Each structure stands twice: as structure tokens, then as C-alpha cells.
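There are structures below to look over.
Below, chain A partners chain B and then partners chain C, in two separate complexes.
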Partner chain A sequence: MNVTFEHVDLSYDDKKTILKDLNFTIPDGKLVSLLGPSGGGKTTTLNLISGLLHVTKGQIFFGSKEVTDQSALERKVGMVFQNYALYPHLSVLDNIAFPLKMQKVNKAKRYQIAKKYAHLVHVEDQLTKKPAALSGGQQQRVAIARALAKQPSLLLLDEPLSNLDARLRIEMRQEIKRIQQETGITTIFVTHDQDEALHISDYVMVLNDGRIQQFTQPQDLYDDPKNLFVAKFIGNPVINVLDAADLQASLQKYLPSNFYQQVKAVGVRAEAILPQPPIDCVGQIQAQIDKIEHFGSSVTANISYHQQRLVSTGIPANYQFGKQLVDLYFAKQGTYFFDNDGKRLEVKTHD
Partner chain B sequence: MINQKKNWKTTLQAYLYLLPMLLVLLVFCIYPIVQSFLMSIYTKYDFFTNKVGAIGWDNFRYLFADPDFYIALKNTLIFVFGVVPLTIVLSLIIALMLNKLRWFSSLFRTIYFLPFVTSTVAIAMVWNWIYHSNYGFLNYLLGLVGIQPINWLNDPHYAMWALIIMSVWKGLGFNIILFLVGLNNIDNRYYQAAAIDGANSWQQFLHITVPLLSPTTFLVTVNEIIVSFKVFDQVFALFQNSPGPSKACLTLVYYLYQKFYIENKYTIAAASGVILFLLILVVTLIQLSYSRRHVHY
Partner chain C sequence: MKKTMSQVLLYVIVSLGAIIMLLPFLWMISTSLKTSTETIKIPPIWIPKVLRWANYVEAFKAAPFMRYFVNSVVVTLVTTLGQIVTSILAAFAFAKLNFHGKNFLFSFFLGTMMIPGEMLLIPNFVTLSKMHLINTYGALILPYLASFFTVFMLKQSFQAVPDSIYFAAKIDGASDWGFLWRILVPMSKSSITAVTVLQMIGSWNAFMWPLIVTNDATARTLPVGLQAFTTDAGTEYQLLMAASTFVIIPMVILYLFLQKYIIAGISKSGLKG
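The block that comes next holds the complex of A and B.
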């Protein structure tokens, strides 16, 4: 089932606006991440989908059915909370069976279904334990099983991995992907960790300041950011941002005059700063290389340019450098131009 | 201090810190308890010279032969079984409603808490008027719905009811506060999870509030049962220094009081105190074993 938001606004107390004119459609059967910094509106958007919060303005559709005014009870989505919210007084089996009990499914039947989902998430050997006796990862699995037990058309996950340690987090995100693919359920996943979002999602929605910054496939976010925020938020190391005023000569040389005057900021990915001019070169600076660090397979060069520090991964480890300024070049793939509002400008080079 | 290793010196130091409170407890609690246990088996005893002539079980035999003691026992049990469930149900309902209030909730909390901090004598005077057979407020209200006036305080059939109603009313405030604390301790995310899981308000109350409130309910029940077993001042004040019409409100502690202060049968009074102690002990132990199975911490 797909989920559609049409012109959704949300504000508290008629003053503080959290979400502004949200429009999107989450496609059926996909795993979609809501990604962004805290306070960006991710969890709020999720709560609007679940029905725990209600819109101030606008409409929400599940498939073709409008659900704007329905409560969480009526919408019947499955949800996994950040801290799992497993019922502490019930055993694992009873936790998973709880939604079915609410639907008045008889005992034998609901335990049978609960066991099936316990098996799917691999907690079938923990059924009689109370949640407090489980590890974080196991609680997480139980919470997913409980959310799936009532066979919802939507599965919502609110920062489900943030309470787990690093290794378990990677394991659980693979698990979530596997469970999503096995059940084929439309899944919406909230996270502030780009690594998580980019690794497991079919689509990523970047939210900041109550607005959708970009909604696309993971690789496009990196290759084709729509604005300065997305370019800065996605990618590690963080993209180098240069002020247009610092790059006058280079911009004038490589860009048509009517285009470069609109440019206010230039973003250059670390791998796009090269010591040799590439075929599709869009920029050039004279800068000083301070240090080249070499860990495992990654080579990182620290560069000083007009009192600014830049990072490049495009300079080989054995590159010879001294105190003098050297010429460095920007490759077209990985260099983005932004206007006054931070909006990405389509590159038009001289040739 | 917390990180210090435990040795003789630090242990001694800790005992020194505990000493003032221990002294008070020993003098005013432990010593009287031991004394009253001992006194209950003195059969020949001079209270004023503290001379013990003989010991034995005669005091208990006296109690079990005394019809008044059985009346006191029966009345106390009726009182406990009347007051405890009513208090718990009512205070839980009121706490749930107060918890839902958005405005003036602290004002209402204060109002409900007032009876608890008001002197029992003052409360009994007001209730004396409320219960008055001719001019009483309660009979006026009953008259509005066509019920004949009841002589609450002088009719042996209604005196216990009068006592129970006043005691429930007086005990509500404290228990409401305890329930409110318990309700506030239930994380809102459980209700959110339950709503997502399809539980309506009643199911949320049944499957989330009741089990997660059980530690508080247990605390309130144990406390309320003990307090009710010890009821005395309400009787004394409401019936003006009498155990009610034809002993209708003669409770165990009132019996003890009569034996000790009025009839000067000190050893009998001590023996009835021991019986009350055992009664409360047994009930509390039953509750504890029940709680192991049904209270979710």
C-alpha cells in the first residue's frame, strides 16, 4: 500500500510550525528511509503516518483511501518504537500476540501466529522470557515481530537501531532488510544515520527544518544532490564548500559568464579534488598540501586554501609535495554549484 | 564514603550515624513491643510496681471467653472489608480522572488531600452534623429521592455504615496521591504502543494501566488494610467516647483501649494487642505471597 501526503502542515499551539507543506508518495512494497538531523521532522512525519499525531492542514492517503482523521487504532499500522516499548509485564510470546488479542483472535490461533513471527525474527527460543531478560537486539526483534503479527499493510520503524551497539546495528539493519524483503511490506524507517539509510533503503527522503530536501534513490543523493543541505549532509568525508568569492578566477575561466554570476557557493567532493587536470575539469585552485594521511585503503590529503581547510581523497599517497603552492583541479563529477538560496545549479561549462 | 572499603572502622562509623534514630526506635517502638508481648502472658501483675507474680495463657483464655472480644473482632473485620475495597476503587477512579484534568488539577488535588491532613476530631464533628437524624445533610439528600430519614449514629444497623463512609472519605486523599504517582510512572509510550496495537481505551486500562499500576495498588492495599485494622480515633470521635450504639462500632483497638484505660486490665489489653498483631501479620503475609505472582515490578 502506498502512502501519500498532500500539502500537510503541522504546528503546535498554532505557533510553532513543525512541518510545512509536505507532499510525497511512498511507493508500495518498498523500504523508505526518512533521514535528517534531529528536530528535522522525521519522527513527526512518522507519527502522522501512524495516527499518533494529526495534521493541522492537508490530507493523508493510504492507497486511495483518505485516513487524515482516523486514529492510530483505526489505521492499523505496525510500529516499532525507538526504545521498543515492549510490555514489561508480558512474556515475549504474549507481547507478540498482544495485537491479535486486541483483535479477539482466539488463544490457540494467536499463539500459532505469534510463534510464526517469532521464528521469522529468530527469537523462537526466548518465548517464555520477560522483555527485561532479553538483550537490546533481541528486544528489537520482538518489537518487530509484534509490529508484524497483525499483518499490517505498513511497518513503521522509529530510529530502531539507535539503542544498539555498532556491530549489532549493522547486523540488525541487514535483518530489517531481510524481513522487509521476505514479507514484502511497505516499510518506513526513521534514522539520523546516513549510513543506515543509504545501505538498506530503496528510497531516501531527506528532511530538514520541516521540509523535504530531497526524495530519491540512495545513490542519487550522493551523485546528484538537489541543494547545499543534502550535499553537506550526505557523504563522508563531508563535502568541501567554497565561497564563490574565493574562486572568482577559476569560475570565470571554466563557466560561462551569465552562469557563474549566479553561483554563490561551490561544493567539491573529496574525491573530486585531483592533482592532474581531468578531462571534464570545472575548477582549479592553487593551494598548499599540509599532510597526506594513509589508513588502510583510504588516503586523505589535508589542504589549505585561503585560510580554509579542504579534504581530498583524490591525491595519491606517494604524491610529492612541499611548502609551495600546487595546482589542484575539480572534476565535473563531484563538483556542484549552488545559488544564493543553496539551490543546486545545473552545470554549464564552456565546451 | 560510598567508595570506602568496608572494615571494622567504617562499620562502627556507620552505626554511630544510625545511633540517634536507633535509640528513638528502641525506646519508643521496640521496647514497648517487647514489653506488651511479655505483658500479655503475665497473669499476676502489678502495673505500677512492675512486679510479675505468675505467667501463663490465662489472658488469652479470657479473651476467647469474652463475647465483647468477638464483637470487636467481627466489627473490625467488617470495617476492613468495607473500607479497603471501597477506598481503593474510589481513589483509583478519582486518580484516573484527576490525571486527565488539564486545568486546575493541582487545585483539585489539594481539595481531595484536605481530609487527610485535617484533624479527625474536626472531621467527626462535621460528619456528626451530616449524619444528624433530623437536621443532617445526608438525610436531607436522601429525602430528595424519597428515602425515609435514617438515624445514622444511633441505630445499631447503620452506625457501622456511618463509620465506614466517613473513614473512606477521610482516607481517599492519601491514596489518590499514591495512585497519581503510580499513574505518572507509567511511560506514555506503552499507551502509544497499545493504541498502535489496536487497544481501545478500556483495553488500554485493562492491559496496561492495571498491570503496570499493580505495585502501587499493592502498596495502597497493604497500607490501607493495616490502617483499617487499627481504627480507633474515628470511632472515638464520631460516637463521642463510646463504641457506638449497642457496641455496633466496637473495634479491636477500641476494645484494647477500654480494657487498658477504663477497666485497668492491662494484661488483657496487651493480649488483645498481640492478637491484633498476629491478625495483621497473617493478612500481610497472604498479600505478600499473592504479590509475588501477580504484581509486576
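The block that comes next holds the complex of A and C.
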């Protein structure tokens, strides 16, 4: 089922606005991440989808049906919480069967369905245990099975991996992807970890400051950020950001004059800073290379430019450098120009 | 060496505490087996020469204790059950629901805890006598069907249950009522047991209020019945102590069975009993 928000606002006490004019459609059967820093509005957005919170203004649709005023129960969503929220006094089987019990499904039937989902999430050998006897990953699997058992319209996951250790987190994110693909259920996943979002999602919605910054496929977020926030938020190492005032000469040389005057900031990905001019060069600086670090397959060069530290991964490990300034070049793919409001400007270079 | 010393010291202190707590009970049992003259001997006699078990028979015949016992059981069970049910409902509302004036109401009720119980004796008596309930179970039960102390204890323990469990239950299709009885109450079993036992002990031992509102055996409870041994001519301590032993035994048994829950429940609520 797809989910559509139309002009959704949320504010508390008519004063503090949490979400501003949210418009989006989450496509049916996809896995979508809501990604952003804490306080950006991603959990709030999820709670609006689930029906645990209600909009101040605007409309929400599931498919073509408006659900704006429906409760979480009426919307039939399945939800997994960060701390799993399993019922500690019930066995794994009873936890998974609980939503069915509430629907008054008879005992034999609900246990049969619960076992099917326990099998899907691989906890079929833990059925009689209490949640406290399970590991974090297993508890999370049980929570997912419980959310799926009532055959929900949507599966919502609120930071489901934050309480797991690093190794388990990677395992569980593959599992969530697998379960989502096996059931084909539209899944919405909240995370503050870009790695998680980029690895498992079909689409990623970046939220900050109560607004959608960008909503697109994972690779596009990196290759084609719509604004300075997304450019800075996505990618590791973090994109180098230079003030246009620091780059006057270069901008003048590479960009048309009517265009470069709008540029306020330039973002350059680490891999776009090169020692040789590329074919589609869009910038050039004279800077000092301080150090080149080499770990495994990654080579990172630390560069000083106008009291600013830049990072490049485009300089080879065996590059010879001294104390003198060297010429470094920016490749078009990985260099972005932003205006006064942080909005990305389309590149128009001299050809 | 230092560690064993501190261990020894610890045990000495704990044992001293235990002895101080136990002494009155031992004294009670010892007195209940003495003759009348032995009870007032100085220096006191700890173990009487002849154990007079006959005191128990005599004490039991001195007043309609069977009737008092039934009264005590009825009053204790009904007040405890009523109070726990009302407190669970109120504590749930204060812990998990949002309603207008919640904080004000909570502070207001908390304020009522500062009114000493003795001050309520007269107003309550007047109210109940106007309701023609004096010398009935009603008088003993009605004023104790709600207790803010119990509400407060349970609220603390309900608040310890994460909101996400509440939301999960809502999403799973449980109503507030269903969540309360299927999830919240079973999850708070130890706290509920603790307040139940504390309330039962309090109710079983209650003296002042039953003394005031009962005037014969119809509704009189055991602690009030113990007065039978205090007359103008003095107190028959050996009989009083024999009857007292009989009165406290049910509570001691209850406590021994449930002490695990009581201790867990009290420490969970972050309160001292």
C-alpha cells in the first residue's frame, strides 16, 4: 500500500512547529528509510504514519483511502520499536500471537499463524522462552514477527537496530531486507545511520528541521544532493565545503560570470580532489599537502588551504610532496555549487 | 583479613538488628506461656518453668474470637481487594493517560497524604453515622476503599513500564482496559503484591478506627477484641499475649510466603515501606 502525505503540518500547542508542509508518496512494496539527525522529525513523521500522532493540518492517505483521523489500530499498521517493546511476561509464541488474540482469532489458528512468522524470522526454536532469555537480535526478530502477524498494511520500524552491537546490526539489516522482500510489505524504517539507510533502502527520505531535504534513491543522494545539508550529511569522509570567497579566482576561471556570482559555497567530495586536471575540471586550488595516510585499500590525504583542512582520497599513496604549494583540481562529478540558501545550483561550465 | 573482619562486623550488625526486631515477638510468646504472677516478675523470666498452653484455651474462651476472626478476614479481604482495584485504575490514569488537570489533581491527592489519619476520625465517623453504617462492615470497609499511598506506589511502578509497550499494545489492538489488565498489571506483579501485602497487614492490624465504629461483636475485629483482657482490675497479660499470638500468625504466614515479592516490589517503586 502506498502512503501519501499532502501538506502535512504538525505543531504542539499551536506554537512550536515540528513538521512543515510535508508532501510525499511512499511507493507500494518498497523499503523506505527516514534518515536525519536527531530532532529532525523522522520519528515524528513515522508516528504520523502509524497514527500514534495526529496531524495539525493536511491529509494522509493509505492507497486512495484517507486515514488522517484514524487511530493506529484502524490503520492496521505493524510497528517495531527501538527497545522492541515485547511483553516480558508472555512467551515468544504468545508475544507474536498477541495481536491475533486481540482480534479474537481462535487459539489454534493464532498459534499456527504465529509459528509461521516465527519461522520467517528464524526464532522457531525459541517459542517457549520469555523475551528476557533472548539476545537483542532475537528479541528484535520476535518484535518483527509480532508486527507482521496481523498482516499489517505497513511495517514501521523505529530505529530498530540502535540497541544492537555493530556486527549484529549489519546482520539484522540484511534480515530486515530479506523479510521485507519475502513478504513484499511496504516498509518504513527510521534511522540516524546513513550507512544503514543507504544499504537496505529502495528510497531514502532525508529529514532535517521538520522538512524533507531530499527523497530519492540511495545512490542519488550521494551523487546528486539537492542542497548543502544533504551533501554534508551523506558520505564518509564528510564532503569538503569551501566558501566561494576563498575560491574567487578558480570560480572565475571555470564558471560563466553570471553563474559564479550566485555561488556562495562549494562542496567537493574527497574523491573529486585530484593532483592532475581531469577532463571535466570545475575548480583549482593551490594548497599544501600535510600528510598522506594509507590504511588497507584507502588512501587519505590531509590538505591545508587558507587555514582550512580538506580531505582527499583522489591523491595516490606514492604522490611526492613537500612543503611547497601544489596545484589540485576538482572533478565535475563530486563538486557541487550552492547558493545563499544552501540550494544546489546546476553546474554550467565553460566548455 | 580486612575483608573477613568487615564481613564479621556486617553480620554482627545485621544480627543485632534482627534480634531487636524479634525480641518483642519472643517476649510475646514467652509471656503467653507464663502464669499470671510470672508475667510481672522482676527480673523478667524468659523461659517459664512450666509452659502453660492452657492460656491459649482460656484466652480463646474469654471473648467470641471466632466471630472476630471472621470479621477481620472479611474486612481485610474486601478493603484490600477494593483498594487495589481502585488504586490500579487511578495509578494507570496518572501514569499513562493524558487528561486536563492531571498534574494538579496528582499534587492535590498527594497533599491529602499529609493530613494525619487521626484528623479524619471525627469527620469520617460523622459521615458514616449519618449513613447509618456504624457497627457494620460498611463502616470498616468504606473509608479504606481508596488509598492515595497505594496509588502513588503503583504509579511509580507503572511509569517504569516503557511507553513503547503501551503504544505496541495499542497498535496490536488492545484497548486501554485490555492493556491495563493483560499487560500492565501482569508486568507489575511484584509491586502489586507488595502493596497488597502491606495493605492486608495494615488492615488486619487496624485498631483505632474499628474501635470507634464497632460497639459489639457484630463487626468487631480481632485487634479490638484483644481489649477483652484489659479490665478495670488490670490486664491479664498472659491471656492477652496468647490471643495476640493467635492474631498475628496469619500475617506472619502471609509475609513469609510473599516476602520475595514484597522486597522486590518496594525496591522497584523506589520507596521504603
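By definition in this document, the second predicted complex is superposed on the first by the 351 of 351 C-alpha atoms of A that agree within 3 Å, B and C clash if a C-alpha of one lies under 4 Å from a C-alpha of the other, contacts with A are read in each partner's own complex, and residues count from 1 in each chain.
Here is the rule we go by: contacts are C-beta pairs under 8 Å (C-beta built on N, C-alpha and C of every residue); 3 or more make two chains touch, one makes a residue touch a chain.
The structure displayed is predicted, hence computed values, not measured ones.
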{"item": "Three-chain arrangement built on chain A, chain B and chain C clash or fit", "value": "clash"}
{"item": "Which of chain B and chain C A:Q103 touches, first, second, both or neither", "value": "both"}
{"item": "First, second, both or neither for A:R146, with chain B first and chain C second", "value": "both"}
{"item": "Contacts of A:K226 with chain B and chain C, given as first, second, both or neither", "value": "neither"}
{"item": "First (chain B), second (chain C), both or neither touched by A:R169", "value": "neither"}
{"item": "Touching partner for A:K42 - first (chain B), second (chain C), both, neither", "value": "neither"}
{"item": "Which superposed partner A:L52 touches (first chain B, second chain C, both, neither)", "value": "both"}
{"item": "Footprint overlap on chain A, comparing chain B with chain C", "value": "50, 52, 71-73, 77-79, 81, 83, 85, 87-89, 98-99, 102-103, 146, 150"}
{"item": "Residues of chain C that touch chain A when the two form their complex", "value": "162, 164-165, 167-174, 178, 183, 186-187, 189"}
{"item": "Sites on chain A touched by chain C in the complex", "value": "50, 52, 71-73, 77-79, 81-83, 85, 87-89, 98-99, 102-103, 146, 150"}
{"item": "Touching residues (chain side chain B, partner chain A) in the complex", "value": "187, 189-190, 192-200, 203, 207-208, 211-212, 214, 296"}
{"item": "Residue numbers on chain A that touch chain B, as the complex places them", "value": "50-52, 71-73, 76-79, 81, 83, 85-89, 98-99, 101-103, 146-147, 150"}
